[in-house]
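Have a look at the structure below before the remarks.
Chain naming follows the written order as A, B, C and D, and within any one chain the residues start at number 1.
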Amino acid sequence: DTLTLYTSQPNADAQKTVDAFMAANPGTEVEWVRDGTTKLMARLRAEIEAGNPQPDVLLIADMVTLEGMAQDGLLTAYQSPQAADYDAALYSADGYYHSTKLITTGIVYNTGAAKAPASWADLKDASLKGQIAMPSPLYSGAALIHLATLTGDETLGWDFYNDLASNEARAKGGNGGTFKAVAAGEKPYGMVVDFLAIRNKAKGSPVEFVFPEEGVSYVTEPVAIMSSAKNVEGAQKFVDFVLSQEGQDLVLDMGYIPARNGAGVPEGFPARENIKLMAFDPAVALQNAEANKAKFAELFGAN
Amino acid sequence: MADINLTAVEKHFDGVPALQSITAHLNDGEFVALLGPSGCGKSTLLRLLAGFETPTQGAVSIGAAEVANAATGLAVPPEARNIGFVFQSYALWPHMSVRRNVAYPLDVRGISKADKIRQTDAALAATGLQHYADRMPAELSGGQRQRVALARCLVSAPDAVLLDEPLANLDVALRASMQDVFSDFHDRTGATMVYVTHDQSEAMAMADRIAVMSEGRIVQLDTPEILYNQPRSKFVAGFVGEGTVLPIGDVDHSGNMVQARLLRKTITIKTDTQSPNLICLRPEHISITETGDLRAEVQRCTYLGGRYRLTLHLPDGTPIQAESRDRYALGTQLGVSIKAPWAFTEV
Amino acid sequence: MADINLTAVEKHFDGVPALQSITAHLNDGEFVALLGPSGCGKSTLLRLLAGFETPTQGAVSIGAAEVANAATGLAVPPEARNIGFVFQSYALWPHMSVRRNVAYPLDVRGISKADKIRQTDAALAATGLQHYADRMPAELSGGQRQRVALARCLVSAPDAVLLDEPLANLDVALRASMQDVFSDFHDRTGATMVYVTHDQSEAMAMADRIAVMSEGRIVQLDTPEILYNQPRSKFVAGFVGEGTVLPIGDVDHSGNMVQARLLRKTITIKTDTQSPNLICLRPEHISITETGDLRAEVQRCTYLGGRYRLTLHLPDGTPIQAESRDRYALGTQLGVSIKAPWAFTEV
Amino acid sequence: MLARHKLGGSRSEDRLLSLVLLVAIALTLAPVLRLFSEGVTQGDHFSLALMREVLSQSSTHTALLHSLTTAGFGTLVSVVIGSTFAFLVALTDLRAKVALVFCLMIPMMIPPQITALSWTQVMGPSSVLLKTLGIAPPLGAPQPLYSPLGIILLLGVQHTSIVFLTLRAGLRAIPQEAVEAARISGAKGLRVWWQIIVPLCLPSLAAGTAITFVTALGNFGIPAMLGIPAGYVTLPTLIYQKLAGLGISVLAEVAVLAMLIGAVAICGILLQRFFQSRQRVHLVGATAHPLAIPLGRARLPIEAALWSVVCVILVLPMLGLLATSLVPAYGVALRFDTITLSSWYEALFRQPATSRAFVNSFSLSIGAALVLIAICLPLAWLMERNPTRLGHLFDSLVDLPYALPGVVLAIAMILLLINLPFTEATLYGTIWIIFLAYLARFLTVMFRPIQASIRQLDPAMNEAAQSVGANLFQRLRSIILPLSAPSAAAGAILVFLTAFNELTVSALLWSSGTETLGVMIFNLDDSGETVMASALAMTIVLVVMALMGLVQLAARRLPKGVVPWQT
């Protein structure tokens, strides 16, 4: 039987995941589509609008998006037995989605830059005026979560963003664009997801990644089952597989921080216990999403 | 081969009439020229016969079969009429060799290969194109292209051949020789031919009968000699042959000659009506004689090669055209006499 | 106004000669027609005079000034020659009104506004275009467009006017009336005019002198009458006027008449050379008489309007052209006599 | 009954026209209409509420203004560069025209994303090229291209060849005599250009300008790459922003915005028609010899200037792209010790999808070109002979799928094709949906040149065949097809080259196994593999150039006028 998977993992990673799953579950054929989250969601929405959504399983994006889908009744609840080994904040209590990895957002800077920031607060420094880039929550789901996390923090809050705005930080586009701006030296400092910076640094890009003292925000690439799934059994097997130790080893292998407790970290990352995760509630973030975007647009311009 | 019948045919474009109450019968094997000024509807009439246009009113039949009838809505498409059409622009297909152009009508009929080659060769030979069979149209001269067009329309033995100003694009020398080709062809095949032209000398030289058209109507359909010698209207008199139309009065049928008054002189006229009011004065009706009863002044003297055309002004200023072997200086006073011109009635 | 001198002019395109050793003098105020078959170099010669082409060899002068000289490399550009040019395609600028088209040559000369309006109005009036001044060229008929082209070339009072087949695109009736327009215009302005045509009757009707061209050379430059009556070569005899060239023998200058032998009969000829070997037989040299010393058979009889052209075969099969007022049936045996044709020498 | 003015159209032609028109409408307009219906329905009933809301948002107004600005001025840039080249190439005695035209055609063949990528790589502080030359701007220096000006410039460069090609065709139709008549009237130099040549070629200039404007309006790649970092939103990027959002009515909002783009595009085209019909210029007379105005001593400097422009708009960005593809990671300077072909190797040989993508893109573009010829040829011919109101409507709307951003068309295709009526089978997820989308998008690219050439075709060609007894299909096959072959081939080449590296449509429609080259590049760049993306893009540019070269080699054996860049 076949299982249809929509994923936003990079091509090679998606292939690895699917191969490993099929090896572990002979007889289940996986058809998969990979694309950027935005495109994938546009496509999924068109399918839903036309009344014929294709995927059984999503391995995609972030908890906020899936929380929204769950609230719209598009997801099926499944309490995976593997959930026991996960922090409760990392999966939906009702079992609509389970996180699979941690992609944190920290600070990246060009090695040619004058300063080496160590905390989010360092970005308020007046000498960095006009030199900071960050992804815009209007274009990127991860950036929206980052915004929700930082503004929800007592020490930072919206004051931090007010200061960034007066420091003329640029908040346009997505993570890829931000990273390129930093690597290119056009904006020597930026906020960006960890693996992009760490992997490219390993290949020789002139950048440095910092996990700030206050902690990092994170997205988790959760896995979820569509309520319209045709192959629910296979979907559940898939969920169990990615959450299992074997599945999480694969995540580690790909260069991400696995979500499972005690699963280690990839090369180039500090030890898991030294990475401080900031508090985050997807339901609240979803509720505030529009308000956050509007406030952000007000500070940094409508785009 | 077939005769052609037109019954009360009208053709309107967007409500504007291009042809009006055309009724005519063209005999089997006849060579009919359509002659008329630009825009009088010659092409429209021809295209109607071919089936490229459908009549707004009236009916057309070719041979025994009716091919178009506005009342019944019948309209046999051109490809089913078995007629030949020669276009002013030749309309050779530039991507086909001469042979393929000529053989195409047989191709579309699915004729056997041997027959096709035989008939194509015959058509090429009849138009003297044997040696050009493998050339492309672009490599031919104007006259040769014209002959390819002719060969193409003959190869399938059409019932009637329609030609729309086929010589208009050729230079004078080629034109004369092509006229001979058409006449020969008509003599040999005996096909009914309808030939559009606005050149009256061409029409007169070739046609059995000429239909003179004006403003969408056929105003006279007669042999060239009758048209020239006995025009029935001012329009025909002016359009066919060089001539001046002058008013006459006091027609007198006494004796075996008809006489009338022209500019206070009495002249002899020919006519077939009781009281004609106009004469058609051709150059050959005018002789220049010292004893001529009319005085005239030379206004213009044009060399025609071997003879001159004189534009003369009569004492009241009326211009007339005469011909002469000799040159006359402008302003010379001449005596002219008028010999039995044709007189007709038009209001 | 200016005379035009061509001295040993040659023009080669990619090494292929289009004009060869052209030496000619065109007088001030003369109307010269260039006549010749397609491709003989008429347009090339005209474009050379206009300055659109430069001679490969030789020199051209207009009036007192030399305008092109291959030896010195001199080439006055067209815009500095003060000549008018009328194109076969009219070459009106479709985006300008008639008035602007006509006024353009004055525009570029920066003439005062009042003068410009006056001169433009005069040119429009001279061509009868007053009422069309505000139309666009697309809204005019062919003849009217032709007149705009003429007005445009006149408005700046050019020294010479060059016309490249200006009437080739018009229909026969319009052509005749436009010929009058050109002749009138020439009479009135007295400008030197060079007029390209391949229509011999047009050339004869209008030109003071005709330059007959063949294969890049001027083969004869003479008045129409001389060209027609005294051709100097087979080519001219055949190209100008209808005629047949026949060989003669035994030329005898005794007495005050020159006699020669044609098909074993003796005929009187006119000539200016000692031993001509060809005669040019025109229809007017042939009279049909019962007593004619030559027998001939009617092969074709074409109606010309008022008269017929007869194609006759002499006993040895030589075809000759005659004219007659009467129709003869094909095959009729006639007696013909030949009256003093022109004889000339060509090897 | 529709009022019609028939040029001898027969009943079999009527029937065929209806059939072909139906196919063409189903192909091109059905998806667009399906999408638009999203914008005017709420639930199951008709409602304009959302439309009113979206159209009254200030972000919509800003984006519309930005779109008009960038497309408008971008078109202006194209017109300036393209028409300068067209004038000089078509009318003067420049040397090496073929090479010049060839080079000028290439920017159009490169996907806009790649153009933008290569330019940013040349201009910014991390420019491998500038770094290598040691003249890179300092860190933190703004990327000058991230600005409306940058968008305008690149849109202009990208579409230069459209203006160039249309205008040159018009210029070649100007008879030599029109210019000679001006010279003999005493006009010289620039006056002849300004007063005679320019007015005479206005209609083709207008046509080229309109197509350029429409194409620029729907362009997503350039405003996305250059506008988003600058916070400069155009309608296509606004659509993208909507899609990235979480709202429920996303599709409906997208539909409304797409309608807005469509409306502007149609306005542009209608405006052009209006001017063209008012300024109908009839050129009388045959063009015996095309113009070749001697440039004299100015020739060498002009040639140098033209070639340096080609250098700037083609060679420089390509060098940037090449340089980027040769370094191990993004941002590393290109030196002898850093140079590596590893990303080429990785992109071309290690990724199994690459060869699949080559095969897919190749078959898709060849297939689209062939099918479109088969549709457009009879369609254009029948529409010309037998004008109906439906045909007129189709004629005005056929540009829509081309004018809409590719993403939008892709969504429309999904909406339309995911549920095929009366069957369980679906085209969705197969290569056929991409194929159908290509047919819809590129129909106009094929249709317009064929339509133009059929309009010029002497009706007597067809009538001659009719009079000798050839039926409709015989005529179409043996007369109409060969006679319009040059323009059909030109259209086919354009369709092929643009479809070959198409991105925005296939981006939403591909699935594993049906990747296209455009998708490959985008995905690589999207997942941070900019260097590999550059290598693959460079490969595609080389392949396109090789294909164009092949066509060029065959040019002498093809009928005249088949190869668009051939003089």
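Note that in this section contacts are C-beta pairs under 8 Å (C-beta built on N, C-alpha and C of every residue); 3 or more make two chains touch, one makes a residue touch a chain.
These figures come from a predicted structure and were not determined experimentally.
Across B-D and A-D, it is A-D that has more C-beta pairs touching. Chain A and chain B have CA centres that are 89 Å apart. If each chain is reduced to the centroid of its CA atoms, chain B and chain D end up 54 Å from each other. Chain A and chain D, compared by their mean Cα positions, are separated by 36 Å. Averaging C-alpha coordinates per chain places the centre of chain B 27 Å away from that of chain C.
Under the contact rule defined at the top, the touching pairs of chains are A-D, B-C, B-D, C-D. Listing the residues of chain C that touch chain B in their complex gives 37-38, 171-173, 198-201, 204-205, 224-225, 228, 239-242, 282-284, 300, 302-307, 325, 327.
Every residue of chain C that touches chain D in the complex is listed here, in rising order: 50-52, 77-85, 87-96, 104-105, 108-109, 137-138, 145, 152-153, 156.
Put simply, chain A touches chain D in their complex at residues 10-11, 31-39, 41-43, 45-47, 49-52, 54, 64-65, 68, 72, 110, 112-113, 130-131, 136, 138-141, 170, 172-173, 176-177, 179-181, 183-188, 196, 199-200, 203-207, 286, 289, 293, 300-303. Those residues of chain D lying in contact with chain A across their complex are 38, 58-59, 62, 124-127, 136, 138-143, 228-233, 240-241, 243-246, 248, 250-251, 328-332, 338, 351, 353, 407, 411, 414-415, 418-419, 426, 428-429, 507-508, 511-512, 523, 525-528, 530. Interface residues of chain D, counted against chain B in their complex, comprise 5, 8, 10-12, 458, 460-461, 463-471, 474, 478-479, 482-483, 485, 559.
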